[in-house]
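The data blocks that follow each hold one structure.
In the two complexes that follow, chain A is the common piece, with chain B as its partner first and chain C second.
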Partner chain A sequence: MADGFVIETTDLHKRYDGVEALRGLTLAVPAGSICGFLGRTGAGKTTTIKILLGMAAPTSGRAAVFGLPADSPAASVDIRRRTGFVGDDKGLYDAMTVRGIVRHTASFYPKWNREMEERYLRRFELPAERGIKGLSRGMRTKLAMLLAICRGADLLVLDEPTTGLDPAATEDVLQALVGHAAEQGTTVFFSSHQLGDVEQIADHVVIIDRGRTAVAGSLDDLKQGYRRIQLVFDGDAPAYTFQTKGVERVKRSGRVMTVLSSAGIDGVLGEARALNPVSTDSTPVTLKDIFLDTVAVED
Partner chain B sequence: MLLQHAFLETRWRFLIGLVLLPVSAAFVALGYPQVAALTQSVTPTPDTALGRDIAEAIEMAKTFYSYVWSQWFEQNGAQLAAFFAVIIGTGGLLSQSAAARLFTLSLPVSREQLLGARAAAGLGQVLALTLVPALVIVVVSPIVAHSFPVLDALAYALCAFAGCAVFFSLAFLFSSMFSNVWAPVVLTLCAGSALRMLDTITNGSGGFSLFEMLHGESYFRGHGLPWLMLLVSAGVSAALIYAGIRHMARQDF
Partner chain C sequence: MIFRPNAASGVPIYLQLMEQVKHAIETGALRSGDQLPGIRPLAEELVINPNTVAKAYRELEHEGVIELRHGAGAFVSGAAREKKLTDRLRAGQTIVASAVDKLRSRGVTEAEIRRLFEAELTKLTGKGDQRG
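After this line comes the complex of A and B, so read on.
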């Protein structure tokens, strides 16, 4: 594991039937972090997760988990032995009971925690003898979480863990996740469309767009560093290309120029003085702002 | 646990077969007195194809041993066992729901282990479906005041297993290529029909007939077990299963 990163990808490419799902994705997830993995539908989140867990092979580039190459079948077994996974459909074996799939899954993990299993069965109010087919989506998600958590994993990889859950179930799942990560020091890498969930529990964020990393870093640093700077001019805002590092996006609308900077405001304001704005203003941004500004507006 | 899960996946198909085949085998054995009585009252005219078939059936029914072989090991039992081998061979990873498949693939086992366990469980079920009915015949024969040698029953079961294993393996290979549950069944049955036609056209495929081996024909004719064909079948089955595993190991999910 290089430099304390549990997950690392470098220039990762994946092409499916002529479609480029990943186009040089580079990311690093620090050990012990809770990392939110954001992107629009089709951005490559699930493909990345599949490559990390050996379910798909990269076309080129490098993906490593715990320092092990994810595209090596033997190493991939070791990776999965230390990783808990919850898929986006929360698919399990419908023919089994809750107890049955718990026993089935436990048999693959020598470090399976029986005490934790019982604790989460009670906490999630999972009916041990009920068939999985009869479980609601919320119950399935909780069961999938239990199966991922109790195996003693060093890493949890969760693909849209709270999609389709009601607010109470979402809160249950998120609290369980945070509690477990804090208690066990487990690294959590979870993809989500729920920016509120990410903001609530993540300390790191990776935003990808069209198969490439758009933004990555600690959530606090991002919130500190990202600023929206509004410049108002006498006439129409000038067409101008900022040279200052960290300018992510510039939008002009009439007399107003809005600059999204990932490196604070000083550099932008210094450069903007030459444009003679009549007023300047800067505001902090939310994760949603960062996401929308870096990803969603590119159409 | 992998074996158990693989067993559970096909348990209903297996259990239906495990009821149907032994019951059918018992009916064949227990029906001998009626058949024997019936054949004495029939005089076939061997100048037509149908007449020749009837004459051959009557000839076979002259002894309990040849009757059981022709009715069960050559016909009903062989066909039923081969059919169940095909449907047990179908399924697996690709036919699981996409989400259940990802859960399976997230377990810390290689795809070779997953599919190897499925092949082992399936072959175990096919073995049971060929062996149990043969032993049922041995057990119920005294009820109609006849006997069927255990060793012969085992010999026929071995031949049937080797033949059915080829069909199982072919369905297993097709199941690694098609997510549709029915495509492997249809393709395997088509392949079986093509082999059958080849057998008919070449009058036994030059001594390398899969069906003659599956029926234990050479054993019945007193030529002993068809060791060469048993080995060839085992080799073909192993190759088909290996190809299925390799194909699945390279796939993206």
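After this line comes the complex of A and C, so read on.
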């Protein structure tokens, strides 16, 4: 894939019957990355995916996939041809057998990879002659993934692919994703509320909260930039507003002040010196901490 | 394989992988000239992002720990460097072991020791990198 961004949205808004599902979502997914799209239920993840695939039109703002406008019907056909999609309902026809739906799907895609199809049928241990109705949830997900990757897609979009799967099936699905991304250089964009999945396989992360981007960037940069700094004072921690950049949250409790910084510790420590803390301490922050500290708390 | 990064840790996976490769060299599990697993097989085995493996390998090459030969893969670098690294690490291990012993004897728990080390290291990186 060429350099640049496979998915780009700018100030995306979507209103359904008076409900604002998206309120200015801006995100960019670099080519060749595995991007985890995180947010609480109802944050706007599925709406975003629908807009990217032309299944819903934005109220305002811009969404582009492969540089093509997602809200243009003509461009959307091209986008969907180059994109493998695994949706929440998996979009499978219950009346068909596994082999039946594989052949049916293959007939639409000239670039269908027969060798890969055989390989993944074996790897996923999918029973070729069984009816789709008789498949477990894990098997349905694996089948939907097989259909999405064998078409020779440049982009895989998955909406909560591991929800409801047991740990073994989850590992199988994640492993197939990283294997496929490594083999084909395919860009992967997957929504999830499973932080563990995202931490394990994503190199980029977008956290969405109430229809807006809360945090976005390379996972390594986030982990290296975010720090929790604890300042302990002789008496009660002072009420103080930090001027330095990257202070995301400050909590005070008795003698202790805890500062969450997204820009390392230097700025905060430099400023805190004037407050005369008796001790300072800093610890790295996990993605879970970042998630919990950046998405709005219900109030 | 000998590598086992922990995705849930606050430390980036590529840094953990780099440390684990270095540790494998230090303990002799990997020796000069040994081939490291390819990017794709390792990514699949550990179920981590292939770009993360590639980044760890690039950084290790930059530090002179491994060599990337085009088309052939990644190999542990020459003996001199390895020896030096081993000696340095062995000396370091002794210092750490005695520090940990002293802390334990004062009743500092394992989790607390871990946090003390992490806090010190964070200070170091903070000083080294002015922009944070």
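Following the convention adopted for this analysis, the second predicted complex is superposed on the first by the 291 of 299 C-alpha atoms of A that agree within 3 Å, B and C clash if a C-alpha of one lies under 4 Å from a C-alpha of the other, contacts with A are read in each partner's own complex, and residues count from 1 in each chain.
Operating definition for what follows: a residue touches a chain if its C-beta (ideal position, glycine included) is under 8 Å from a C-beta of that chain, and two chains touch if they have at least 3 such contacts.
A quick note: this is a predicted structure, and the numbers were derived from the prediction, not measured.
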Inset, instruction - Once the structures are superposed on A, label A:R81 by its partner contacts, choosing first (chain B), second (chain C), both or neither. - result: first
Inset, instruction - Once the structures are superposed on A, label A:G196 by its partner contacts, choosing first (chain B), second (chain C), both or neither. - result: second
Inset, instruction - Classify the contacts of A:D266 with the two partner chains as first (chain B alone), second (chain C alone), both, or neither. - result: second
Inset, instruction - Figure out whether A:T283 sits in contact with chain B (first) or chain C (second), or with both, or with neither. - result: second
Inset, instruction - Report for A:E183: first if it touches chain B alone, second if chain C alone, otherwise both or neither. - result: second
Legend entry - Comparison of chain B and chain C by chain A residues contacted: C
Inset, instruction - For A:P73, decide between first (touching chain B), second (touching chain C), both and neither. - result: first
Inset, instruction - Identify the overlap between the chain B-contacting and the chain C-contacting residues of chain A. - result: none
Legend entry - chain A - residues contacting chain B, complex: 16, 50, 53-57, 73-74, 76-78, 80-81, 83, 85, 87-96, 104-105, 107-109, 144
Legend entry - List of chain C residues in touch with chain A within their complex: 7-15, 39-40, 43-44, 47-52, 55, 115, 118-119, 122-123, 126, 129-132
Legend entry - Contacting residues of chain A [partner chain C, same complex]: 32-34, 171, 174-175, 178-179, 181-183, 196, 199-203, 219-220, 223-227, 246, 263-267, 269, 281-289
Inset, instruction - Mind listing the chain B positions that touch chain A in their complex? - result: 1, 4-5, 8, 97-103, 105-111, 249, 252-253
